[in-house]
Every structure is written in C-alpha cells, then in structure tokens.
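For reference, chains read A, B, C and D in written order, and residue numbers begin at 1 within each chain.
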Amino acid sequence: MRSARLLRRFGLVLVPAVLIAAAGVSLSGASFERADAAFCNGAEPSSLDPQQGTGMPETRLVRALYEGLVVSDPRTGMPIPGMAESWSTSADGLTWTFRIRAGSRWTDGAEVTAHDFAFAWERLLDPRTGAQYADLLFVVRGARAWAEDVGEDGAPTRTFASNVAITALDARTFVVGLEHPVDHFLALAVAAPLVPVSRHALEAARARWPDRWQVEWTKPEHSVTNGPFRLVERRINDRIRLAKHEGYWDADEVAFRTLDVLASEHLATNLNFYLTGEVAYLDEVPVSAIPRLRGREDYRPAPYLGSSFFRVNVAKPPLDDVRVRRALALAIDRQEIADKITKAGELPSFSLVPKLFAGWTGAELRRSGSLADDLDEARQLLTEAGYGPTRPLPPIELHFASQATNKDVCEVIADFWRKELGITARLRNQEWKVYLDAQRRLEYDISRSSWIADFADPATFLEVFAPGADNSRTGWSDARYGDLLERARRAREPERFAILAEAEALLLTELPILPVYTFTVTSLVDPRLGGFHANPLDDHCPKFWYWKPDAELAESRAGNDPAIREVESHGPREGLLSPAEQRRRASR
Amino acid sequence: MKRQRDDAARIDAALASPSPWRRAWEDLRANRPAFVALAFLALVAIGSLFAPLLPLPSPIALDLRDEPLAPIAPWTSFIVHGFEPEYWNLSAVDEALVALRRAIFGDLQTAAWLGTDSKGRDLLSRIVWGSRTSLAVGMLATLTSLLVGVTWGAVAGLVGGRVDQILMRIVDALYSLPFIFVVIFLITVIDGWREELAATIGLERESIFYVTIGLFYWLTMARVVRGQVLQLKNSEFIAAARLAGARTPWLVRVHVLPNVLGIVIVYLTLSIPSILLFESFLSFLGLGIEAPKVSWGLLAVDGADAINPLGLDWWLVIGPAAAMGSVLLALNVLGDGLRDALDPKGGRG
Amino acid sequence: MSAILEVDDLCVTFTSRRGDTRAVDGLGYVLQAGETLGIVGESGSGKSVAHLAILGLLPPNARVEARRLAFAGRDLLTLRDDERRKLRGRDMAIVFQDPMSSLNPLLPIGLQLTEVLEVHENMPRRDARRRAATALGDVGISDPESRLDVFPHEMSGGMRQRVGIAMALLLQPKLLVADEPTTALDVTIQAQVLDLFRDLRRRHGTAIVFITHSLGVVAGTCDRVLVLYAGRAVEEARVDDLFARPLHPYTRGLLASVPRIDGDVTRPLAAIPGLPAALARSSTSCAFAPRCTLAEDRCRAARPELDVHTTATAVTRSDAHRAACFQAGIAPPAEVAP
Amino acid sequence: MTRFLLRRLAWAALTVLAVASISFVLMRNVRGGPFDSERRASAAVEKNLRERYRLDWPTWKQFAAYVGPFELGEHGPAFLGGDGTDTFGGVLAGDFGPSLQYRDASVNDLLAQSLPISAALGFLALSWALAVGITAGIVSALRRGTTLDVALRITATTGIALPNFAIAGVLVLLFAFVWPILPVAGHGSWRHLVLPSLALGAPFAAYIARLTRTGMLEALGEDWIRTAHAKGLPPRLVVTRHALRAGIQPVISYLGPAAAGVLTGSLVIERIFAIPGTGSHFVNSALNRDYALAMGVTILYTALVCVLNLLVDVVQASLDPRIALEDES
C-alpha cells in the first residue's frame, strides 16, 4: 500500500509537470529574426524534389531554389536565358542544342553541367521516380516508349541513353531530339519539373542512405540546389527559410538576402498576415474581402491560364443528346456569376482555352447574341429533344467538391436552370478525393471542374479531352478530335494554331464540357515590392524582387490612375536593391 | 368540532407529500427563470417545427448582390411582397404547411430584419430553417449520450473489476478512432447505395449524418458518469441495496441514476453546443448536410469568415451566435432549475 | 456559578420558495457550567435546529431571532461573524449524530483533528499530531499514533463517533452540544460513549447539552431535562422530578411508551396517537391539543406558557419544575427567585 | 500499485492495437486513394508509387510489415539487422514510415515537429481554462443565485455557444488590429500562442466552470462541511481544503476527455492561426488519404487518450481514497 499512498500524493503533481515539459520543449529554439521578405505559398509543398512536384506551392519553391535551361521574363513572360546562355535549333526543328553557362555552381560548390540536366530529365521520365509531369517530355524522340516499356519491377526494360534523344555531349552542351518539331518547346522548357538536380549529390545520397535517401536528400542540411536561393530551414506547415545562394551566376542581381515562404491554407489568416505586414505578397484573398479590396493599389486581379467549366457525362441520358448539352451550355448567366459569386472580375468564357496566348483566337460556343436569345434557343432545343411540360427533363445532379466557391456557383446555376428552363437540378457535394474518384468512374451527371495550364500553350488544355486521355473523365471519345490533335502536334506555326482552333470548335459543338469562366488570380502585392509583374501563368521568380525606396515608390504611384486608393506599405522605407542595381542607380 | 377538522385537514395537507416528480414540477414552476427558459425552448421548438408556416422569405432564394445587406429596423419595413416558395425537397407535411402559409399570407413575407448574406439569402429565415437541422442533431446526440452513455458509465462504475476495464477500454478505443475517416467511410458507403436506401427505408444521407454524430457523443458522458458512480459506489445506501439482493440493473435504475442526475443534466446542457459545432465542422469538410440545406453550424462558419479587419458584416456572426447562444443559455438555466428541483435535499438554501 | 448559556425566546424560521416554516418557536433555558441538560423530543421537534442556531451553523435561508442568546455572558446575536467563528471548536463544540457522514471522507483522520489545533492555537504540525493522538487515546481508541493516517471509510461507526467526540474535545470547550451522539450506535458502544461524556463532565466540568429522543439515555447522564414538542418547550425539570411526577400529558405519554424491564410483556406498548406535529406550527393553540387525551376548548383557544408548577422546596430557577399545559393539575405558578 | 499500472498499460497496448488494426483496414476501404489527383500520372508511375509504399501488397501483409519488421531478412532497417533496402522498420521499431503526401518527410519527423507545439498549445489552453473555470465555478457556487453567479453563468454560456473560430476571429480583430500587441498568426515565440490558447481554451473554461459549480454545490451540501464549520475553521479553508477536494471530482473525470478534446479542437484553431501542430495533420492526412501519417496520428492519439485517462484515474484516486486503484472485486 505504501507506493499507492506515494502515487496518490504525486498524482496531483504528475499531470502539470508532464505538460510543462512539453511546452518548454516546443518553444525552445523556435524564434527567428525577421527575413528581408516573406510570402504566402498556400499549402505545405508535398515535396522539394523538383521532379516530384505537382501543384503551385511546389512550383514556387522550385522557382526560388532551382533554375532550368530558360526562365520566363518577369515583365513579358517570354522565355529568357537561364542555365543555358544560348541555344539553337536544327533546320527541321527536330534538334535543340543548348549551351550551358559556365561558372554557375550548386550550393555545394560543384559546377552545374549538362550531365545534371540529362540526369534530371531521365529521372523525370523514369516511372520509379513517381513524377506526375513525366509526360511533359513525351515530345522527345523515344521518351514515351522508353518510359512506358516497364518490366515486372516497374523499372524501364531498356537503357535510357540508347533509346531517348537526350544527351549531354560534354559538360556545357546539352542536345535534345524531338519526335516532331515543337515551336513552343522553350515554353515547355520553363516548366518547373524540367530543372536540373545535382547528379553527384543525389547519387551520394542514394549510397549513404540506401533506404531513406528520399527523405534525407531534400533536408536543409543535405539539400543541393542551383537557383538564386538555397534552403536554410524547413518547418512543416509553418515556414521555409531561404537565403541568397552566392554561387548562383546572377547572384549580383538578387536583392533579398533572406526570404521566408509561409505555409498556411486559411485565406482569412493569409489576408491578416498581409495586412499586418508579415508577408509582402499573397496569391489569393477570401472572396468575401474582394468588394472591400477593389480600387486599392495593392489589389491586382489578373486573368490566369486556368479555365473553369463543367464536365458532362456524355454517356448518361438525357445528357447523351448534344441538343440537351447545348441547351445547358447556353443557359448559364456567366456575367452574373463573375460579378456576384467569384467577384474578381473573371472573364466569362465560351471556350475551353483562355484567350491569353499571343496570336491565339481559338473557337467559341456558337451563340445568337444576348442571354435572352440564348435562353430562347435553349428552350427550343429542349423541345426539339422531346422534353417539355408533358415530358419534363429528368432531374440533373450538379456534382462538386466542397470548396466554398464551387458550392455557390452550383447553387446559382441550379437556381437559374430551375427558373429559366424548369429543370430540377439537385446539388451533391463530395469530399475532394471521393469527388475525383466519382469523376473517374463517370458516376455523375454534371461535375464542376477546372484545368490549369502546365505550360504556356493552348495544347495543354485541348490534349486533356483527347480520346483515351486519362484526364478526360467525360466519357467523350471522338476520333475526328484525336486526328486534329495529331495533325496539330506535327504542324508548325501558324498552321498549328489554326488546326488547334478547329479542334476547339469541334469540342464546343460536341460539348462534353460547359465552359463558364476564365480564372483570375486575386493577388495582393505590397506597393513597395518591385520586380513583381502580373503574367498569365502567375509565375513569379523571387530572383527579380526588391524593395522600392521612397523615391521610386512615389514615382510609380504618380503613374497610377487617381481613383486608385493608396495603402500603407510595410516594406523598408529605404528600400532594398540588388548590389548590381545599387551600382547602376549610384552611377546614374 | 369544525375547528378540529380544519386543524386535522391542515396538518394532513402538510403531511401529504406529493410524489417527487410532481414536487419537482411545482418546484420548477416556482423557479421563475427556469420556467421562462422552458417556455422559450418550447417556443423555439414550435417555431422550428412550423417554420414553413411562418411568413418568412425562402431560406435559399438567391438575390445576388455584391455585399451582404445590413439588417433593417423592423419598424421601417415590416412586411413586403415577393415571396417565392423555393425550398429543397420537403417532406409531405412541410409541403402542406407551405401551401397553408401561401393561403394565409399570399406572397407576403417579412423584410430582411436580420439582413442577408452575400448571396442575398434572408438571414432570419436561414436561422429559423437552420434550427431544424441543428435541433434535430442536438436531440439525437443528446438521446444517444443519455441512453447509451449514462447506462454504460453507470454499469462500468458500479460493477468495477474486469467489466469496468473492458467497458472503459472500449470507450478509449472509440475515442481515438479517427472520426474523420469513420465519417467519410459512412458517408461514402451510404452514397454508394443512395437510391436504394432512400427508396427502401427512407434513410438518406442526413439521418446517417445524425447517427454518426450520435456515435461520438456518448463517450464523454460515460466517462463522467463512471467518475461520479465510483464516488457513490462506496456509500451505504448502495451497500444496503446490494445486501437486500438488488441486482445491478435495478441498482442502476433506482439508486444510481437519480443520484447522478445532477451532473448528467449539467453535462447534457454542455455537450449540445459542441454537437452543433461538430456538425458545422463536418459540413465545412463537405461531409455534413447537403447543400442547399442550412444549419446553425454552417451559418457560424460563414459568419466567422465575415469577421475580417477590412470590414465587419457583424450580423452574419451575431445572428447565428445569438440564436445558438440563447438556446444554450436557456438549456443551462433549465438544466440548473431541473438539477435543483430534482435534488432530493430540497435545493440547498 | 456563572451561566454558560442563556437562551430566551429563541425562534428559527426557514424561508423557502414554498413559504416560511418556523422550526423553533420561542425556546428558552439556562445552562450552568458543569451541568448536563437533556433535550428530549420527537424528530421534527426542532431540538437539533435550535442548537445549530446557537452555534451559528444554519444555512443562509434560516432567520434566527431571540430576546437573549448569550454564551458565558457574551451576547451571540451582536457578535461579529469572525469573533463567533473563533468560539466554535474552541469554547463551543458539537458532536453530530451520524458518524458515517460527519467526517470528511477524502481526508485522513489526523488532518481533520490537527487542523483544529493549527487554526485556533497555530500549533506546529508535530505537536498537533501528538495532541491529536492523546485525544484519540482519551476517547478509548487503541494505538492512536497509527490511526492518524487512516481514512474515515476504513473505520467502524463506533470508532468514527469516538473520533468525532475527540475532535470536539480537543480544546476542552466550555460547552458541548451532543446531537444524538449514540443513536447510530449499537447498545454496547452506546454505553462506552455515555461513560465518556460522564467522565468528561467530571474531569473538565464541561457544560453539556445532550439532545436525544431516548429517555433511557437522559436518565443515566443528565441533571435536568427539557421536553420539546413542535418547536416549543413543554416541560422542564430535574431528572428525578420528571420521572417521578411528569406534569405534561406529552411527557407522560413518552414515559408510558418506554418498555419496562419488569413490564407485562403481553400488553401492547402504549403509544401516543396521531403523528408528530409537522413543521406547520400554530401560535394560537396548544400544538399537542390534537393528540392530547385531556384536550379541552381552552387548550385550542390559547397557547399555554411554560409556567412554574413547583413544590415549596424549589429554591433556584434551574430547579423549578415547569410545564406548558392548562391541565398540569398543580397549584398556580409560584414566584421564584432568579 | 505497480500491478495496477502494468495492467492498465497492457490494456492501453491492446486498445492501441485494436484501434490501429481497425483504422488500418478502414482507411484502405474509404473511396479515393493517396495518389488520386486532378492531373493523373501515367499507369507505370502510379504502379511504381503504389509499390514504393507497398500498397500493392495484401492488406494483412501490409499491416504486419507496418507493425514490425517481422521478416527481417532483406527487409528492415540496417540497425535492426536488415540489409537496409527496406525504407521502414515498423512501428514496434519506433519508425512510423514515410508519409504518402509529404514525399520527402517521414511521419516521425512530421510528428516530432508538430506534437510539442500542439502539446504546448493544449497545455496553455487547458491550464488557463482550469484556473479560470475552477475559480469561476467556486465563486458562482458560493455566491449562488446572486447577480455575480448569473453573470458568470451567462459569460460561461457565451464561451460555449460561440464556436472557437468565431472567438478566434474576434480576438484577432481586437488584439492584432485594434490594439496591435500580439501577432496575428504564425508560430515563433510564446506571444504567438497567447491568442490561440485563449480561443482554444474558452469552451473548456466554460465547461469547467459549470462542472465545478455543480460539484461544489453538491459538496457544500455534505454534512462534513457543517462539521468543518463547527470546528471554527475559516471559511476560505473550509472551501479549499474540504469542499473543493470533493467538488473538483466531476472536473477531474472530465479532464481526460477534455485533453483529448483539446487536440481535436485545435484542428480549427491551428488552421486559423497557422500553427504547425498535429491538428492539421489529423485532418489533412484523412483528406489526402495519407495512410501512414493518418495511422501515425491515430496511434499517437489513442496512446495519448489511454495515458490521459490513466492519469485522470490516478489523480481521481489520489483525491478520493475510497476509490481503490487495485480493483479487488
């Protein structure tokens, strides 16, 4: 009994002691001095391995940590030299030769060579890496066949070098052979998964941790990168601290010495971070805040290479009748949705591919003018299809994943169809993964969907609905559409755009999708943040960012439209420029 | 002789002690705040049941606007025209009530006294219709935690030993099941046979949703009751009853439960709010009630988004919070009143 | 000898939602140092409530009024709360009826004893424990040192009552109220506890108010007796006078209902008809009237006062034999020296 | 006593095993997989990913490998005698395996980084809730029926009625914008934990106040309180030493579920205040179908619940000697 009495006396003391210890542990070594700048990156990146990245959070980090053959110009968005100082294409457009810049180093001091690129691109194609964007390189001769010819153990059966036209002739020459000429290959080469990784560092990691290299080699203490910044510390769901990589070839042009990337998904919290100066840039604001942000100098909504539409299950009556699909496509008040639901000035869209590419006109849903006329045609189409008061259209189910705006858009459309066409539309929300699974199995009538461009070219949108494509999930497979895409792949400009436009026209007459609007990015950017320019891919490399000193801020505000409301900036008044820029301004 | 009869009558009256339940009811009626609370709750229940009858705008009628409409003082505009009977698929009874309402009020409806949300839906109407879901959820979960939780805790506490261990470890296990997975699993299973279930036994997703919540809410009650019973277990009257041959079920029903009633009632009035919020948490994850139906929890989630430093649509928060708050306050006051009324020691001074 | 306790016209009324109830309706008596006064009455007669009122232990909804309530000359009604609190446990103590529930089940016995010494005498812990041990020894608990760390539920009813008594006597109080200390005990333990009280009076001259419903206990321990009915004193007398010549019909009824060792076992025991008067008192008639065999109209018309019906030999106020009944059958009240 | 602890720990282990096995099977039968995404990878890639995390094995074999490195042979980490070709040593070897969602982090890292923060947040929330709750409960019990009692009860009810995310919104508005004295969100110093712990603790403070009030009322009604007064003890001592010890019992038995509740309650708070705690892992691992992380969090959570309940029983026994720890019956 003795110990029982002891325990009884200590019972009361035991509980608080344990908890205090836990508190002490967590707060030790948690504090940081402030970085030169910080930005909200949305969700925690699923991986810092560039080849395994999937979404925007991963892409933004790759932009800071790595640099590919080419990067996009912050102002124009056109590809400019990155690790490749120059490049040339063969007469038949099938072979691209890149000249790798000398003197640019990995963070462990080693020189960046063409071998690193060859190694990285092989890794991307190799199914064992588990890269989702491997198909970016299927334009390379032999790449697709090699990647898909897989043995029992999941490894490619044939050797890479002898089958795929990707070779590093020497340390500074990198040659790529294509299946067919690709004019937009440079737009492709900008994609994040195509950046190099340090071959020697990764092979050393594989040797050192045979079973844990996946987890170890991207850790800050072992990470080897070649971009403008290097990895200092990573705290999951909190922040990733970056610092300037002095060995980077253009280090002189980089302004920020330290940069924080915050991981926080809650939009209202991100807005609060911005308003209290914790972050300089935010890529999305809560919809409810938009009306109050309009007209502010730091609120810069910009159209974005993303298209929002509904997938239609063409196999399921009554949606198997194209007239019904066309009626539904016509009976959507897109302007109302853009103004009152998404509120960010989204452009109503009557096509799949956003009209944001130079020289691209594409096709549009055939309409007869005003919304009222479209509604009349819609009703007329329904009667043609044999539906009317006597034989009402069976109820249609609007299927969506449970993000807020999805729900609101579906509610508005369901309400509109009920009022205008007398269709009973029911709403069915599902948790994200269940929604994807339901889409894949065509267990839906109409499903709210969207597609973001992988690279700056219309083909990325149109290829989604090619016959047999994994991502189509509409049950629509049209040989004519497939032929058009095949011809476009082989064509050169300007015929290519024309063929793709013809394909889109076919898509918009068969209507496996009901286009709604083009995405708009609702970013908030601190007025002092320089080197930040809107572009269709919302692709911003922090290399070009800097803090504008007072003089420059006043000058840029002078150019603003007087109606724009000025807001308090949280950046340093004296500004922060790259060493090169300081010298240039001093000499002027 | 008459005087003697009066005296005797008076003393008899004083002696004739009413049954404890009747005395409790009188006690409750005498305790004014508790009685007011009871009346308020009854009013809310009736209002929620006969919501289709009230001249409220439709809870889901959209009037798309840029910013939510602020509340209007009722005296400035009381009743307006323009009622459209827009509802989700209602039960037959509700349909009849809506028809009756249109017969009485025609197309009149109340003005936006509590303002509207950003999609122009009337907040007052959504609160009243939302109360249907929330009170149903509250009721079911309370019932589950009463029936299952109290008995489970009482038996575990009383019997002790191996039985207690097993029962309590099951509670621990249930506690730590990853409830999100279980909820997703249940919802997807139901979704799988959606049509058949709805057709055969009318069990559609919403009722499964209530059951899921009920599944999680008796656990804490069981633990709290067990704690109390452990205290009671060694008291003399339990030993005496056991001596008189009382078996556990009888002990639980007659001796333990009335003694544990105080804590149980208090705990019930405390757990209802967290049940409502659990429902909103599930709706937030897309696992809850189906759009366009509405519940207080959902309104609270929308309301919370409205608090941002740029501008405060305060009514979107205050409305649902006031509705939930007043019901919970009434429950607490009623709970205390019940606790005192049912307390055999005659409600200490 | 100075009067330890003077109580005159003490009334206690409980206010509750269901109306006010007068539990004690004008109780009065005087208790001398070293004297043991028995208070007898059925349950509900207000005998416990009155003395809880004297010690100030009633819940807030009780209203206590009296013409005079003095302890060792100090007027208790006007005393400040903290002053009165200091008296409790040091000069006035109480032993409760139910040993099962009057000790804190969560604390060891030792602590419940030493805290009295620490509070009143701020005695250091070690000395307090030794004093507590000796106190336990005084009440007949063997090996007291090891008992200090024991919890109440680990002791028998009798043992716990002894602890209660030891707790009350720690600081040799001048007045000890014993609220039916032996009711919950079996006879053998009862005898030992009564010996304690007698021994206590002998050694420390403590004035004891012994509340009980058993006349047998009173006979063995008390000097004088007060019979209570429906919140009022109906008879007061020396023990021998009461047993020899009970004046009030209620007292006679009580005495008759006690089975005698030599009584005729065949005859059923005599019992007083009717039920004990509930809390609903009446101030206009004799509360015992409905059950009194001698009741007449005047008993129901007015309320008899506690008049002295003494024989010539009575000398002091405390020896007088009083009864509150028109039919007491003794010469009209004679003047008595204070 | 040690016999009691051993038996309880054995029961805890059994519970953890039961919950782990149920969850393991449950997760894999929930619709949607870890690698489903809007942009599907090629079949070969998907096949490799499934093999990397052994999802192609039969479920029972996956579970066996998950629990421990039974077939050490070519599998099992180097330090356990395996040849190290297997990435994961099994829970019994203290290795919860690689996360399926965060490809370059192991579940051990994720939990190691997040648990202390959630514990600190939970501890701060619970301790202020206990302090405020108990005092408010005692005061409103002693001042029963007065305006103070009613006022405390009403504030307690608003504490319960308002969802913690609404309270969080209001707190942020007041203490980060109107009087900018505290950071709006994020994690760094103790100052970052003040507002979240207040928002997280509010409902619990209200609960504890209500339970304490009821417990105290019941305790103050006991006979031995009258004995304490009869002994002339100062009122404060009667309340703290005698009444509180009994009155606190319902709060103690509520502490176990409360601590577990704090963990789930923190899901929302950690999202709103961008705090890298375990709460977000709890939700995201389910939504992302990150089986390894979900299992890790579930096992951690089960163990925590068992330990907390054990602690509660011990504390309850240390307060009330009548509750025997060794169940003789």
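Note that a contact is a pair of C-beta atoms (placed from the backbone, for glycine too) under 8 Å apart; a residue touches a chain by one contact, two chains touch by 3 or more.
This one's a predicted model, so the numbers in the text were calculated from it and none came from an experiment.
Undergrad: Just to be sure I understand: the centre of a chain is the mean of its C-alpha atoms, right? Then which chain's centre is nearest the mean of all of them?
TA: Here the chain at the core of the arrangement is D.
Undergrad: Highest contact-pair count belongs to which two chains?
TA: Ranked by contacting C-beta pairs, first place goes to A-D.
Undergrad: Using mean CA coordinates as chain centres, what's the chain C-chain D distance in Å?
TA: 56
Undergrad: Which whole number of Å gives the spacing of the CA centres of chain A and chain C?
TA: Distance between chain centres, rounded to whole Å: 89 Å.
Undergrad: Averaging over Cα atoms per chain, report the distance between chain A and chain B in Å.
TA: Roughly 45 Å separates the two chain centres.
Undergrad: Could you please state the distance in Å, as a whole number, between where the Cα atoms of chain B are centred and where those of chain D are centred?
TA: Distance between chain centres: 25 Å.
Undergrad: Could you list the positions in chain D whose residues touch two or more of the other chains?
TA: As it turns out, chain D has residues touching two or more other chains at 31, 169, 172, 177, 287, 319-322.
Undergrad: Name the residues of chain C that each touch 2 or more other chains.
TA: 153
Undergrad: Could you say which residues in chain B touch two or more other chains, in rising order?
TA: In chain B, residues 184, 188, 234, 285, 308-309, 348 touch at least two other chains, as defined above.
Undergrad: Quick check: in the complex, which residue numbers of chain B touch chain D?
TA: Spelled out, the residues of chain B in touch with chain D are 159-161, 164-165, 168-169, 172-173, 175-182, 184-185, 188, 219-220, 223-224, 226-228, 230-231, 233-234, 262-263, 266-267, 269-270, 273-274, 277, 280-281, 285, 297, 300-301, 303-304, 307-309, 312, 317, 321, 324-325, 328-329, 332-333, 336, 339, 345, 348.
Undergrad: What does chain C use to touch chain B in their complex?
TA: 16-18, 59-62, 100, 153, 275, 277-280, 282, 285, 289-290, 300
Undergrad: State the interface residues of chain C toward chain D in the complex, per the touch definition above.
TA: 52, 55, 57, 85-90, 93-94, 96, 98, 101-107, 115-116, 119-120, 151, 153, 164, 167
Undergrad: Considering the complex alone, what residue numbers of chain D touch chain A?
TA: Answer in residue numbers: 1-2, 31-33, 36-42, 44-45, 47-49, 51-52, 77-78, 84-88, 98, 101-106, 109-110, 113-117, 119-120, 122-124, 126-127, 169, 172, 176-177, 180, 183-190, 193, 255, 271-277, 280-281, 287-289, 311, 314-315, 317-319, 321, 325-326.
Undergrad: Name, in rising order, each residue of chain A that touches chain D in their complex.
TA: Listed in rising order, the residues are 3-4, 6-12, 14-16, 18-20, 22-23, 25-27, 30-32, 44, 46-49, 52, 54, 127-132, 134-135, 147-148, 150, 153-154, 210-212, 214-215, 217-219, 235-239, 262-266, 268-269, 272-273, 275-276, 278, 431-434, 436-437, 440, 449-451, 454, 470-471.
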